[in-house]
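Chains: A, B and C, in written order; residue numbering restarts at 1 for each.
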Amino acid sequence: MVRSGITRFAALASIVALAATACSSSATTAPAAAGSTPQAGGGQIINVGGVDHVVVQWFVGLGSGGNPSQITVEQAVVADFNAAQDKTPTGTKGMPILLSLNIVQNSTATDILKTQLTAGNAPDIIGPVGVKGRAAFPGQFADITPLAKAAGYDLTQYDPNVLKLLSTNGVLDGFPYAVYPSMIFYDKDLFDEAQLPYPPQKVGDKYTLDGAQVDWSWDTVRKLAMKLSVDSAGKDATQAGFDPTHQVQFGFSFMWSEGRRMGSDFGSGSFVATDGKTAQFPDPWKAAWAWYYNGIWTDHFIANATEEGSSLLASGNPTSSGHVAMSEMFQWYDCCMSASSPSKTIKKWDIAIQPSYNGTITAPLDMDVFSIAKASKDPQDAFVALSYIASRGDLSASYGGIPLVGDQLTFYHKYVDALLAPEFPGNVVNWQVAIDMEKYAPAIHHEASMPNYIKSEDDYSKVWTTLGSKSGQNMDDVYKAVVTALQADFNAAP
Amino acid sequence: MTANDVLLSLPTNAAKRSHRAHQIRLRISKVGVTLFTASMAMIFLLPFLYMVLTSLKDSDQMTALNAPLYPATQEMYTASDGQQYVVYEVPTASGTQELALKDPRRTDSTFIDTKTGQTVEWTGNWRSLTPVWLLSIKWANFDNVLGVLNFPLLLRNTLFVSVLGTIGAVTSAILVAFGFARFHIPGKNGLFMLLIMTIMLPFQVLLIPQYMGFMAIGWTGTLLPLIVPHFFANAYNVFLLRQYFLTLPRELDEAAQIDGASPLRILFSVIVPQAWPAIVAVSLFHFFFSWNDFFAPLVYLSGHNDLFTMTVGLQAFSATYARAGSGTLTQTGALLAMIVPVAIFFAGQRAFMRGVIISGVEK
Amino acid sequence: MVIVDDKQSVNAPPKKGMSLQRRETWWGLAFLSPWLFGLVVFTALPILASLVLSFTNFNLSHPGDTRFVGLDNYARMWSELLNNGNAGASLGVTVRFAIMSVPLMICLALGLALLLNQKLLLGKPVFRTLFFMPVMVPLVASTIVWQGYLNGSTGWLAQILSTFGLPSPDWFNDPAWALPGLVFLGTWGVGNMMLIFLAGLQGIPTELYEAVKIDGGGAWARFRNVTLPMLSPVLFYNILISIIGVSQYFTQAYVLDPGGTGNPGGSTFFFNLNLYKEGWSYNQMGYASALAWLMMAIVVTAALVLFRTSARWVFYAGGDR
């Protein structure tokens, strides 16, 4: 009885202690708990320090921008802008602009923005946002061209092809900002171990395979990757007796890829026909999916889903595991090259050009833009703030993309070197390869809009992920399954 | 024990001997059963040990081949050129040697003798060799996770929600249970059946309208939907407390009533002091429920990282870090997230178990 | 269900005036009022609303376009059930999981309770606490732990099996093994049921066992003729609670695949994952409400079937219930 009394007392005491902790801390949490105060809507005029300001809301979260280091830069940009506005107001109403920052978590950003747009308190500036992030909001973003013209901003400094790629149905609904080209990562140590030459870094260069000069094509990559796939006995995938069930190294991986991007590696295309409502499967994309599927199940140079999730390949981060020789990656993968510094898994690495299919190189390009909501009450003031945001090289550098305006490139290199040098001491990466790849972007962006976007994307992805998890599939059935599912989604589009 | 009594009443020598044999047999079976149960418990709890050891590992150990179960790093050899190489146990003509792998190749490799610094050519498959592992505990994982997971913030939010929610849940359940236990109300049995039925209602049917309701009054993105509904008496808690109140003798409250005490006064000065075991159990129930709840915080707090509770914070952390390949850090996060409820459980387990048993038996 | 009899609980002594009776009613209702308010606001109205919503096309992103669509949502659900669409596939996963998990968990809980009820066992409270403890671990955390523990290469189960030369699947990365992996994970929640069984076991009068012993019955006879019938109400309760539990299964599957598609290969695409996707990702709250009602109907049917058959196998000591 005494003992149970003591335990009871201990339980009560712990609850009281907890209550006390919570109450003492509630003094600080209370405002947050009582409700993150509704954001002042964009276009609102508020009085700060006796002066009326036009509020411009900046919404961050659909793309990058949510890492602590990036937030620091974003806050500095906002502070600098507001300070400058208080000195020399450049708002269109003669009032200073008050830029207000709203950062949300990436995984829920789409939902939050959706709610804000629905509720009628749309933010003004939205970005950085990728093509996919924008595609979920068809018709909700303003045309940048007239805003730029009115502000006297020169859009001709951008490559017209990039502007075209940025446009949705001919409307430039995003402000060009930064691009992230695709390229091939390779682990030099694994090539040395296999005594094979490194992949080419200049468009037009050949590769020496088995003593012969060959084109750097996806078929060459296949043959090369098989030599770089090794089992625990040290046999490679081209040798007799190779045991794919005990594989310890893989020749190739598509780093954090997905179906449409993989398709676009082989050529530009789209799941939507030009009429905007018929589902289709482009021929080069069929070839890409088959290359991937056979690479896993027949030639064993790509990890299947189980292997990719295993610890050997760092639970789904194969490129950084040190057990993959080549990887197709986007520029933004810089962020995640290593989990430790200095890295013990990869030491010497570099990047190579994208392989060609039927003689053509296609390098899918991710990009970040800034958009202005159509519902913005003050788009012209938003554009003023936006052009300032876009001019800050330190900001674009913190996002990790290659800036589209040339003089910011130095910022970029500074950023990448600072990021990677401590992790890979002594390793030099030829970033010119990435810049060269910008020119080989597909004509249609791989994340371009589709009807019923989010559901359509889930549905083709569902089929696509079976390629990595299920052997013995008939590829024609796979293509058919995608088209059928997508057509149903397209038909159901609101 | 009856068998023993019978045996004891027979005072022959043979019986005494057989009695001792019986005692020995009994002791052996006791040890056997206890050992068996202990080994079951060990198997059952082995994942905890996995979590603890993994939370102390360097992430590189997870991707390495032939790594040991305990936290360790590969022994490295620093060559004269300043480069570091992994040391392997290499079988050579002169027995197994510890050599550093300089240039790996498929069928032969160049090693460095760690003692002399001389290069050694070796023929064979280096992948079949075992590296030398040294015990090495990475406490830094905890620093990392505490920072990245923003543990203090999550702890504060979670305590805020669970403590306030517990206060509301317990207070309201006491009031309602008292109403059911001691008052004559027309149609009370029908109401009570209704209460029981709501325990079985699937939460899905309520979820969407509740969410829309909270959205309409602007409470989504705040902690309020996780706290306020609990101030309106959860059926399960009411049921449990009512059952307990009914077992309390009525003489005391009747005496108080004759003295002119109001029902509220009776509740708080007569009933509650007698019902502490059940009240503590209900408090613990709700506290743990609230601490471990996932769906409601996921839905209501989405996008408001500053309000995240422990479970959604941990899930977001694991979704980010599992992808970045740090299986070790997610285990560290899991360990941190379970420390508080498990510690409170151990402190209050007696009261808690009694609560489970009250609620289970009486049904 | 045994509810303690409260016929004696009329508070007022007999033969008091009506006004006292009424006063007591008012006091009682005042005490019930928090629950009554909650019942209306958080239960009754939402149920009604979700039923109404299920006949509309309510979409969070275009609430202005909301209108009644008759049985459209149910028709879509029906076709998804027939053609193994999302609703059908996710219901299939949930049912498969229930078939694997419910009997296993019941047997495990009963087995553990019998073991912990053994006279021969020393240190009972310690073991009871140990077997119960994992119930306290947040599901998100325990899912993460088991994800690591069952990993095909560095997970301990695989390593333990391989020291005996046995192969191990890569549970949560293999579509064929992911559900069994979740069943394994579920064993950490066995403590609740175990305790309830344990309490039931302790409530069985020892005279009944003595009677079997006198009749010459062995351990099996004791279990078959005393333990099982006497435990049947508790068993009934545990089965019901397990079924409700499976119908609400969500957290573990969501932690395994936050994308909500039930990877690997849709093998963990539980019913509520689909409901969450429809309601919160695609904003189809109307359709999601219809899904919720489907689940409600299934659970109610299962409960009714259980109650109906219970007369045949659930033994109540009172005999009159």
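Keep this in mind: a residue touches a chain if its C-beta (ideal position, glycine included) is under 8 Å from a C-beta of that chain, and two chains touch if they have at least 3 such contacts.
Computed from a predicted structure; not experimentally measured.
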- Most contacts overall join chains B-C
- Query: Taking mean CA positions as centres, which chain lies farthest from chain A?
  - Reply: C
- chain B to chain C, mean C-alpha position gap in Å, rounds to 19
- Where the CA atoms of chain A average out and where those of chain C average out, how many Å apart are those spots? 40
- Centroid distance [mean C-alpha coordinates] between chain B and chain A, Å: 35
- Check: chain C positions touching at least 2 other chains come out as 151, 154, 258, 280
- Name the residues of chain A that each touch 2 or more other chains. 107, 111, 115, 311-312, 315
- Message: For chain B, give me the residues that contact two or more of the other chains.
- Response: 62, 302, 319, 322, 327, 349
- What residues on chain A touch chain B, complex-wise? 4, 7-8, 10-12, 14-15, 18-19, 21-23, 25-26, 28-29, 32-36, 38, 61, 104-105, 107-109, 111-112, 115, 189, 192-195, 230, 232-234, 236, 248, 256, 311-317, 320-323, 336, 339-340, 344-345
- Report the residues of chain B in contact with chain C in the complex, numbered from low to high. 2, 26, 29-30, 32-34, 36-38, 40-41, 44-48, 50-51, 54, 62, 67, 69, 172, 175-176, 178-186, 188, 191-192, 194-196, 198, 200-210, 212-213, 229, 231-233, 235, 238, 243, 246-247, 250, 257, 263, 288, 291-292, 294-295, 298-299, 302, 310-312, 314-315, 318-319, 322, 327, 330-331, 333-335, 337-338, 341-342, 345-346, 349, 353, 356-357, 360-363
- Residues of chain B touching chain A in the complex: 58-60, 62-63, 65, 74, 103-107, 125-128, 156-157, 159-160, 163-164, 166-167, 215, 218-219, 221-224, 276-277, 280, 283-284, 287, 302-307, 316, 319, 322-327, 343-344, 347-352
- Contact residues on chain C for chain B in the complex? 1-4, 6, 8-12, 21, 24-25, 27-32, 34-35, 37-39, 41-43, 45-47, 49-50, 53, 112, 115-116, 118, 120-123, 127-134, 136-142, 144-149, 151, 154-156, 159, 187-188, 192, 195-196, 198-200, 203, 210, 233-234, 237, 240, 244, 247-248, 250-251, 254-255, 258, 272, 275, 279-280, 285, 288-289, 291-293, 295-296, 299, 303
- How about chain C: which of its residues touch chain A in the complex? 59-63, 65, 151-154, 170, 172-175, 258, 261, 263-266, 277, 280-283
